[in-house]
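Letters A, B, C and D mark the chains as written, and numbering starts fresh at 1 in each.
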Amino acid sequence: MQRIINDPDNVVDDAVRGYLRASPEFYAATDHPRVLKYAATTSGKVGVVTGGGSGHEPAFLGYVGDGLCDAVAIGEIFSSPTADAFLEAFRVADQGRGVACLYGNYAGDNMNVKMARQMAEMESIDVKTVIARDDVASAPADQREKRRGVAGEIMMWKVGGAAAARHDDLDEVIRLAQKAVDACSSIGVGLSSCTIPANGKPNFTIAPGHMELGIGHHGEPGIEVVPLPDAKAMADAMCDPVLADQDFTGGDVAVLISGLGATPVMELNLLYAHVADRLEAEGITVHRADIGNYFTSLEMMGATLTVMKLDEELKPLVDAPARSLAITR
Amino acid sequence: MQRIINDPDNVVDDAVRGYLRASPEFYAATDHPRVLKYAATTSGKVGVVTGGGSGHEPAFLGYVGDGLCDAVAIGEIFSSPTADAFLEAFRVADQGRGVACLYGNYAGDNMNVKMARQMAEMESIDVKTVIARDDVASAPADQREKRRGVAGEIMMWKVGGAAAARHDDLDEVIRLAQKAVDACSSIGVGLSSCTIPANGKPNFTIAPGHMELGIGHHGEPGIEVVPLPDAKAMADAMCDPVLADQDFTGGDVAVLISGLGATPVMELNLLYAHVADRLEAEGITVHRADIGNYFTSLEMMGATLTVMKLDEELKPLVDAPARSLAITR
Amino acid sequence: MQFLDTSHGSDILGDLVDVILDNRDYLSEVDGSIGDGDHGINMAKGFRLYSESIQGQSLSLAKAFTTLANTLMGSIGGSMGPLYGSLFLGMGNASKDLDTLDARTFGDMLSAGLESIQSISDANVGDKCLLDTLVPAVMDYRHAVDDDDSFTSALQALRNGAERGCESTRELEAKIGRAARLGERSKGHLDAGAVSCCLLLVRLADSTERHLERAAA
Amino acid sequence: MQFLDTSHGSDILGDLVDVILDNRDYLSEVDGSIGDGDHGINMAKGFRLYSESIQGQSLSLAKAFTTLANTLMGSIGGSMGPLYGSLFLGMGNASKDLDTLDARTFGDMLSAGLESIQSISDANVGDKCLLDTLVPAVMDYRHAVDDDDSFTSALQALRNGAERGCESTRELEAKIGRAARLGERSKGHLDAGAVSCCLLLVRLADSTERHLERAAA
């Protein structure tokens, strides 16, 4: 395990200390060691909170900033933050206008957010949630409630954060964040495994020369393991289920391709060329494309594709200014 | 080889097509397939050009943008661009005020730039160069002319680009870019190898449980191969030669830690915490820190540390606004 | 009639801490075959933190369970924090105002723990998870009490139910957690959470029985 | 006296293309032991592009060398583009205005190539690079001409010098290029650039000799 760490059991705390030292313009500490808040939140707005396991950097903490999230709860690697952490994030984000908690559909996160909401209620903090379920590979469309959240969460934070920044009220922030993530269909391909420091050995295996289509962000199994195709065929294998999930034709879309960690960014752009060809061929117009390492899985190789259907309500929110470690517009 | 590519011999062309499609706000094509120019260069300024081998993304093309470079020449993976490509980059960047070609000290780049300058002379394009030599591990201080350029190049582009953006003349842009990179001392640590698509097998080997201190951006050997230390000891092993290279004490510095590709960004921040401790202990004030994947080597694991001595002339140029795929300020 | 003096919380939970710390590597190994191999790490981390935080204090059973629950919920996160946290919080709340527990109120405490965990998780018996241990153990215990068995025999029923339930997971296909991704391939292995739950319930029964014996002596 | 008719450029350079394409894998293999294993790929790419671009055209020697040089410089980049590009550009320039080459002017052409490459690279004999082949080959050729040997014997001197020079790199420690990073460990292996240069010079001598023979017949 070739890692830059000290004690494998303290990786997250040690890293949080680094983020605080490196980026004081974005992060301020809170009463909870696993909660960071935006150092320069504007006042009088709905608080936007997210949280999740570590190992997905820049998610989740990289999306704390202007026009995005106000606080983040940070879990162990690939493991939900505690209820306490979510609660403290609610507290520091709340400015009396309520808190939108925007997170992904994982069992641990669901349970911890649920408990944190109960505790927040006792403190009269009004918390509403949107749970991202954009991974088309994790369940069929008619069982959307089972689907995992993946990189579509970024669009949820972007839109929810932009709505909060323009002082929309809590219900409106929630409505728009929900609309944003519902407009997203995502899928991942895994080309190699990753190693959690505390475990010290690869989390799963993908045989060389193969890829796992529909893999989850923690290596959850996908639809099938197939021989590694060329980039054009890979783009089609990813576009097929995504474009079948919603009717994107005739409209504008935002596209996000995120690397899973170790795949060079030039390959993500190479992949995008074929995705763009395919979308064009299907009469779908790309309004904007974000290509980079936006939501990773430690040092996995592979990528996720997210296509988001835009309308006149979502477009300005997707394009609105934002400033954080992960995205700047 | 788990890569997202088509024909391994066409990786660079295929990726350039992707960059052009994904980021039309930054890139415009030119008459040379391996040259991209900034899509929105402001007029009447000195042109800033860079270039180098591919596989270092976001370097070099990610530094084309506002307040940075105006054109980039793109080589094969880990291989210099052609003289033709540099020449075309000079042509598209020149607005009659001359061109600053800011690149790194590698044999191929030196030869191709030299030939391109000769050709540019025949076209009456005034080209001056700054050659980055910031890698302290690649030669002793008294043989600085032999040193390789590594992530200090980013500071050279940032400062040279900012000087050009405020309409400094060519000599001044060159002077400041040279001053910027001379103010940088860098070192890398390699934790794993990488595979060039056209080769199909790892470029070199680092035994598990070891790291190579002073490794170059293409796997050039460093000072020594040592057992992989913890992050704190690694920070010291990197700080020792860097801080011995120049007298940084008592002043302000900019710090840049770049991942080499596959090392998770949380580990880079974790490493930074110890670098920050060390600098503090030595009475050195960090003016700003940039931590992320700024100059990579395909999917190598590891990191580079760059410390840059700032003065009142450099500080505003380092902080000046910039907008590109790789950095935004 | 047999009574458990609820002032022995630190003692009894000390036994639970021991069984988790002693089986740290075993639990990770079980998790390793169909999960991600960290169940022992996660559990040991939470139980050790609890143990360190109450060092030298003599707590009531309710206080000890509540403290353990808060430590798990506040420090380990993931799924185990809320799940075991809820279980022990439920048990702590149920025993809060009682100086002693008899066989029936001990059973009420177990049921409260089960209800608490069910309020946070949708998992069911048969999903291949810790409920496969917990549910039959609590049911068997309650049946024994309803049959007017002694506290000691009821505790034996608890052990038997836990062990049978835990063993039942070997042939189940996982419907929940990481192992669910393996589908058919998850068969043939014990579930890590079912194993930790079994270890905890058996040790709880052992510890309780020892206190009953001591009280009788 | 023997003369080479410079109208046979396409023919002679076709032979050079063949030797590079035939040895693509061998050159990469040699580069693999102390370099990054792509020398054959790089060279073959440039020579194939040249060959495709002049398909069916009958070029003079000067035109053919200049076209090859421009293709290498314009398409392969790295170090090989400028180095071999300069070599062939120098040779092309030197033969530009001549309809025939005798032993001496052929030697001037070789020297012009060597000077051209030296204007772009600081590398020297002993650095373990293609100059270790090129320099002794050109020197031996010139000495043979100065000794009034026949064109054919001078070409044999060129071959001998190239082969001796190439072989000398086996015991050298690399001072330049990627292999320099290996220090002592670079000893015991041939240098890839020295090998490609040797293959090219030997084939150039063979091809020239064949044309001399045909002219005499």
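Keep in mind that, in the parts below, a residue touches a chain if its C-beta (ideal position, glycine included) is under 8 Å from a C-beta of that chain, and two chains touch if they have at least 3 such contacts.
None of these values were measured; they are calculated from a predicted model.
Chemist: Pretend chain A isn't there and tell me which chains still hang together through touching.
Modeler: B, D | C
Chemist: So what's the Cα centroid distance for chain A and chain C, whole Å?
Modeler: Result: the chain centres lie 34 Å from each other.
Chemist: Per the centroid of Cα atoms for each chain, what is the distance between chain C and chain D, given in Å?
Modeler: Between these chains, centre-to-centre, one finds 79 Å.
Chemist: Taking each chain's centre as the mean of its CA atoms, how far is chain A from chain D in angstrom?
Modeler: 56
Chemist: Among the residues of chain D, which ones contact at least 2 other chains?
Modeler: In chain D, no residue touches two or more other chains.
Chemist: Can you list every residue of chain A that touches 2 or more other chains, as numbers and ranges?
Modeler: There are none in chain A.
Chemist: Between the chains shown, work out who touches whom and classify the graph as line, ring, star, complete or other.
Modeler: The chain contacts form an open line.
Chemist: Between which chains is there touch?
Modeler: Chain pairs that touch: A-B, A-C, B-D.
Chemist: Under the touch definition given earlier, write down the residues of chain C that touch chain A in their complex.
Modeler: Per the touch definition, chain C meets chain A at residues 36-38, 41-42, 45, 73-79, 81-83, 85, 120-121, 176-178, 181-182.
Chemist: Inside the complex, what are the residues of chain A that reach chain B?
Modeler: Touching chain B from chain A are residues 1-7, 11-12, 14-15, 17-19, 21-23, 54-55, 57-58, 191-192, 206, 208, 211, 228, 230-232, 234, 261-273, 276, 289, 291-293, 296, 298-299, 301, 303, 325, 328.
Chemist: Given the complex with chain C, which residues does chain A contribute to the contact?
Modeler: Its residues touching chain C are 9, 53, 75-76, 78-85, 107-108, 111-112, 114-115, 196, 198-199, 201, 203, 216, 218, 220-221.
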